[in-house]
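Have a look at the structure that comes next, please.
Which chain is which? They are A, B, C, D and E, in the order written, and residues in each are numbered from 1.
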Amino acid sequence: MSRGRLVVVALAALSLMAVSCGGTSGTTQQEFKLGIGGPYTGPVAKTGAEFQHAATMALEKVNYKIGNYKITPVWVDEASDPAKASSALEDAIVGKGIQMGCLNWHSSDAVAMMPVAGRHKVPYFFGMGATGVVNDNFNKDRAVNGYWMAKGWPTPQKLATPYGDAIQAFIDGGSYTPKHGKTVAIWGEDTDWGHSLTGAIKDKFTSLGWTVVDSQFFKIDATDHHTILNKFKSEQPSIIAGTSTAPETMSAFIKQAKEVGLDSVLIADGLGYVGDFYKLVGSASDGVLDMQPLFASPAAQQFVSTYKSRFGSEPSPSAAGLAYDWTGFCLKILKRTLDKYGSLTSDNIYKVGRDELWTGQLTYTDGIIMNEYKFSPDSIPDPVIGKGEYIFPVIQYKGGTGQIVFPPDVKQTNFTAPA
Amino acid sequence: MTAFLWRRRGLGVALLALAVLPLVPPFDAENFRRWLVISALLAGWAIAFDFTAGYINVVNFGFAAFAGAGGYASALVTIHYGLPIWVSMFAGVILAGILGFLTGVLTLRFRGIYAAVAAWFLGLALLGITRNVSPITRGPLGLIVPTFFSTDSNLPYYYVVLAMMLVTYLVLKAVTESRAGLAFRAIGQNMEAARASGVNPTRYRILNFTLSCMFAGWLGAFYAHYYAILTPDVMATSQTVQVLVAAYLGGRGSLWGPAAAAFPLVFSTEWLRSNLDRFPGLDLVVYGLALILVMVYYPGGFAELVHAIRDRRLRLPGLRMRTAAAPQPGEAGAVLSDVRE
Amino acid sequence: MSLAVQRLSREFRSPVTTGLIAGVLALAIFGVVRGGTFILVDSLVTGAIWALVAAGLALTFGVMGVPNFAQGEFFMVGTLSGYLVYTALSGVQGRPYVPFVTILMALVVGFVLGALVDLAVFSQMRRRIREGWVMNTFVVTVGISVVMINAHQLIWGTDYKGIVAYFDGPPIHVLGVSVALDRVFAISVAAVSIAGLWWLLSYSRIGRAIRAVSQDEPGALMVGINVGRMRTLTFAISSGLAALAGATLLFQFPSFPFVGVKPLYVAWTVVILAGLGNVGGAVVAGFIIALLEANTGFFIGSAWEDVVPFALIVLILAVRPTGLFGRAVRSVWEQ
Amino acid sequence: MALLETHGLTKRFGGLLAVNRVSLSVHQGEILGLVGPNGAGKTVFLNCIAGMLRPDDGRVSFQGADTTGATAERMCHQGLARTFQMPQPFPRMTALDTVLVAAQFGAPGNGMAPRELARRCLVEVAFPHPETTLVSGLNTVELKRLDLARALASRPKLLLLDELAAGLMTGQLGPLMDIIRRVRDSGVTIIMVEHVMPTIMGLCDRLAVLRQGEKIADGPTREVARDPVVIEAYLGERHKPDATSH
Amino acid sequence: MLRVTELDAGYGFLRVVHGISLQVNQGELVALLGPNGAGKSTTLKCIAGLVRPWKGDIAFRGHSIGGLRGDLVNGLGIGLVSESLNLFTGMTVYENLLMGAYSVPEAEKRRRSLDFVFSLFPRLAERRPQLAGTLSGGERKMLAIGRALMGGPSLLLVDEPSLGLAPKLTQQVFDALRKLSDDGLTILLVEQNVTATLEMVDRAYVLEQGEIVLEGSAQKLSESEHVKDVYLGVMA
């Protein structure tokens, strides 16, 4: 190739790159760009879509306005890949000028995104990446990773204990007698989430004197569970407890559990992550235990019907519902910042987060899922767990809707043991 | 060596440009510097991938698994033995090299698609093992990895990965221009003729696999210490596909072609991802279509385009004729007795 | 009949193959004795379905030399069109013919789409590419896979578009193992389709022409077969089969963009084990893989369900580089 | 001592006996012609002794050592080189690189640098283009020249030529024969498979005739050419010697 | 019936056939003779549509068929028996023959052709259910010819029928071809075996280095000095 042509080709490549870099727009005076993360592409894009829809509704509720600022959402696609997630965040911060971020899904993506937020000193709120690695990183270098201000979901261990307590309460209350003694089998998807959640369940049951007869993990996209279920059947545990975040996997598990003829109580944590689960599982989900917040209040019901009519699918409380609330909380933080400092800058927002959110002064009570979203110096980056605050009740499904069976003070119905 | 470098003055110019690029607008913004880091990393991987695909004509479809294994080894050595990252990276090189060697041995008898798929399955098995030996790797929970710098800029990372890419290129290029490189091309282009000419395909194929995987693992270690998190998904097929796309768009058998393709590829896909965020997935549709179009209409890729033009010049008689005094026909006796003793 | 005997005797001539088959039988018996009959029954059901998915992949490679990385996406097309048709028929759901209409429509959609892809992509490549056909088409199918996955997401979104079951009713019991009606349906569809494919390839004029193209392309031209059309037809049939499998399994694989990944991996495992391009072998290998998975899941743990088969297959290949029933490696396969 | 000997060499493909118990010896310094009708098993025989195919039965010994079943690369290292009936080029290499492969990896020699040797071999076969010519642009005749240069560059003691003259114009045969003669005169023993009769008659010291995988004649060229069995093999049953000798 | 004019053809960069012209009349048995690599097979493949001609024209019954795809050429009534036979080795003898009649829609016609082939080569009838890959060399040759005949061609192209056959079998094949020709089939034959061929054919062309150097009646050619020197006298 002649040198001239090489130069032409090189220039073409360079200009392609430069064009890619173009379109950098600074922030105009009264525009505030809010980064909203989520797995918009990749294997769990369904969750990403719920995030996007719910966040849009939360923004519409305030008419995209906080004071005289116009709020523009910037969608930060984490694509279920730490490399892509961190790149998308950096691009959103530098290229598109977001000054605050909220929501995310995977813990591994969160770990890769944390230093990016820290480097640019852009506070990021309420990532749902929940496992301990996020907490570890947060605590390791709070000067940098502390810009990953607060998680939207506590570590699974903190959430998982009610299952054991609930079963114990059913036994004590006489509504349940274990068929095969205090035996439990554990199952779960082979992911960070699956391992940490089932680990917590296992610990809880063990501490209550139960025997774990087996634990089985499967790939997140596995839809043939007959081997596991038949094995469980031969081991005769009274309870089988586990989790999966993938609806196709979860629905196959529950349907096949019925097909195989298991007579154990089935704890399927995360069945309600997808609002439409009943269309996939059907009556096989009757009697299944799960821990899900519910769309209980009239405001929540209103949200559900609006969501359904606009986006054509059933929202899930834990994805769309929580995303709606956490976005609302973000807007509240913005409002508070504006009131306190008069302008919305990353720095001011960070200060509000540090001084008011972490201390528990600033809480959010206008949500549709939880009574109050609150943090405390002891809990951060996790939200405060407990009655009246962030809590997932244990619910039992019948006909596609869940009813709270535990804790007793909020229960809507009694636990029904499978026949 | 001087000659080796002089022949690479084009490379020098390109390198200088790449070194200066993150300092000039618009590339000096952090997000573009990150894109440059991603590009250089992908370029390095694409070079190592092409070293196998473009020379011995075996597509290592398990490539990401070897790169990931290197990352894990380096991360674990840093975490458990507290060695400096620069040192522990070589643990990654060694582990990936050993795995590459074993893969080379296991897939020795396969050609073409069988070799590709065998490497793919080995990579998937490796991924599965990484996921399952969670006491060591923390499995899907993810391993938090110490980073190179505690700096708040991508710039030092960029120069590190650029240097690593350059070393990868220079070493592998030197190998391909050596005696071994001749053997690689021979067994890649015609196994029968290569063997009839005395090339031992076994030895060179294993050598090639080992070297390629060593560099893949080295760059994998960079990945680990840059993103600070490792999950078994770094070994997934989709990661191999990214490297493969860069290598095929760049053109096989040149090493520089894939590297050159990586930069515009990363920039255009990241740009699409960033600007078409209203249509999640559209960027990937464009990217897939581009791959299909190039493969259908110009399967040789970018390097082939350059080669085609250069080769036409090569074939013109008279041009580039060597000037050394040539022996004349008829001196056969002399030639061949030299040959024999 | 004598033909089948001839072929069988050819395939079992190798002691390695015979040994492997014996090993699989031993594994099955071991699994049944130590685990339970369900290992055998489940392997048979799953194996039949895997065989259906893999048969198309084997066919495409055998006739066209295309190692299709997008086979899973045609499965996805099947789940999607199955879902759309089934929901469109919601008025008459419950009628026993609805599932059959659904899967037939999916078959048609997959068939037409496959034909279009072949005409748009592979026919174009065939005119241009002289060298490296196999690897080039492989890379192109990687591109097709990326496009189809993301086009699904763009157009139909990311919802899980699935059904509870085609057939309501209590599961039936086979050897003490309960098998849901849908799985009985699936294995029946798989059996009928594989038998149909076998009949088509063995006895119909078109099927003979397809085999002729796979065995000797110039020979096929010489007897007046339009080779290009046969290739298009082959790709269409193969895509149609994948789509049929997808629609049939809609109760287990709700439609979403990435639903094809697992079937793709399994199909490739099966086809490599059987020997690329060997349609008959894929059926046997489907059962072997299902059996391996079930036994691994039971005795080692579900998390190892694909590690062990993958590693084992590479080891088997190290002994027999062309797979269990592979034809001798032809030059076209070495590109 | 014979440079190369085969004893009862046999190769089957499925049910077909391609080479059937062929015993043959080649002496230092001679040109042995291997002739026979198409499909007689000549190329298969060459492949068996050059390590491309593993014989099913029988033995091969080269320079006194048993080399039955040795790999092609090992045979090359020991000093056995071959050209191919259908040229086997490295399509994306230059002519020089093609020859250089053999010069680098062939039998051990001393003295001449591989690159220099490769250049001389190109000159030796009168390769008509610059050494930087790309192989993919050559025609069959040129490819065969290059193949010969490649074989020579591996420093052979025994050279197997498979239909080198096929497809050549009559006028090109002479120069080719000169090259082969020069190679022989430099001390390389040659086995050549050939159809072009003037080449055979003009070059070969001895002929071995194969038919249907079996050796049916072996001896000095003139004698073999007059052997009625051989003529029948070539010309068919009805052509008794008296019908064609004139 | 067939007229080839100024045909050039080759592979890649290599031209194998240089400006060949030849002609075959209705009912003739014509041979194309010459040494290995002379371009005979390439010429046949050009006519049959397996190789695209670079230049020149091929006319069959007055219509140009140069560059037409192989299956269409076959459909016009040109059958080819190639050098490598191109049998479907994984199919039975019967299936191979059936494939030969691929473009014959009438079952009755196919049955008649089958009977004819079996009467011509009774061996094939015996081997009917056997896989083609397991046949002997002679049987394969018969099968290839039989398969070409199944399509009911009006012109049969045969490449090296004697290739790899024992003399006795060669003779059987030649006899069969002669018989077909006597029954009115037009045949163009490529051969290396000059003597036997010249005894059988009506006319012949001699091809060397891609060019036709001699042509004429079989009688005339067997008397030609060139043929005597180069082909007939080879062993003398």
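Quick note on the criterion: a residue touches a chain if its C-beta (ideal position, glycine included) is under 8 Å from a C-beta of that chain, and two chains touch if they have at least 3 such contacts.
All values reported here derive from a predicted model rather than from experimental measurement.
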| item | value |
| --- | --- |
| Partner chains shared by chain C and chain D (touch criterion as defined above) | B, E |
| Centroid comparison with chain D (C-alpha atoms), farthest chain | A |
| Selected pair, greater C-beta contact count between A-B and C-E | A-B |
| Centroid distance [mean C-alpha coordinates] between chain D and chain B, Å | 41 |
| Chain centre separation in whole Å, for chain C relative to chain B (CA means) | 33 |
| Geometric centre distance via CA averages, chain E-chain A, whole Å | 74 |
| Touching two or more other chains - residue numbers and ranges from chain A | 41, 45, 48, 190 |
| Multi-chain contact residues (two or more partners), chain E | none |
| Multi-partner residues of chain D (each touching 2 or more other chains) | 91, 137 |
| Which chain pairs touch, all of them | A-B, A-C, B-C, B-D, C-E, D-E |
| Of chain C, residues touching chain A in the complex | 35-36, 38-39, 42, 46, 150, 153, 157-160, 162-165, 171, 177-180, 183, 251-254, 256-259, 261-262, 293-294, 297-298, 301-303, 305-306 |
| Of all residues in chain E, those that touch chain D in their complex | 12-16, 35-38, 133-134, 136-137, 160, 162-168, 170-171, 192-193, 195-196, 199, 208-209, 228, 230, 232-236 |
| Interfacial residue positions of chain B with respect to chain A in the complex | 10, 14, 17, 26-27, 29-32, 34-35, 38, 131-132, 134, 139-142, 144, 147, 150, 152-154, 223, 227-229, 231, 233, 260, 263-264, 267-268, 270-271, 273-275, 277-278, 280-281, 284, 302, 305-306, 309-310 |
| Chain A to chain B touching residues, read off their complex | 1-2, 5-6, 9-10, 13-14, 16-24, 40-41, 45, 48, 74-75, 77, 79-84, 86-88, 90-96, 107-108, 111-112, 115, 118-120, 131-133, 136-137, 144, 190-192, 194-196 |
| Contacting residues of chain C [partner chain B, same complex] | 67, 121, 124-125, 128-129, 132, 134-136, 138-140, 142-147, 149-151, 153-154, 257, 265, 268-269, 272, 276, 303-304, 306-307, 310-311, 313-315, 317-318, 321-322, 329, 333-335 |
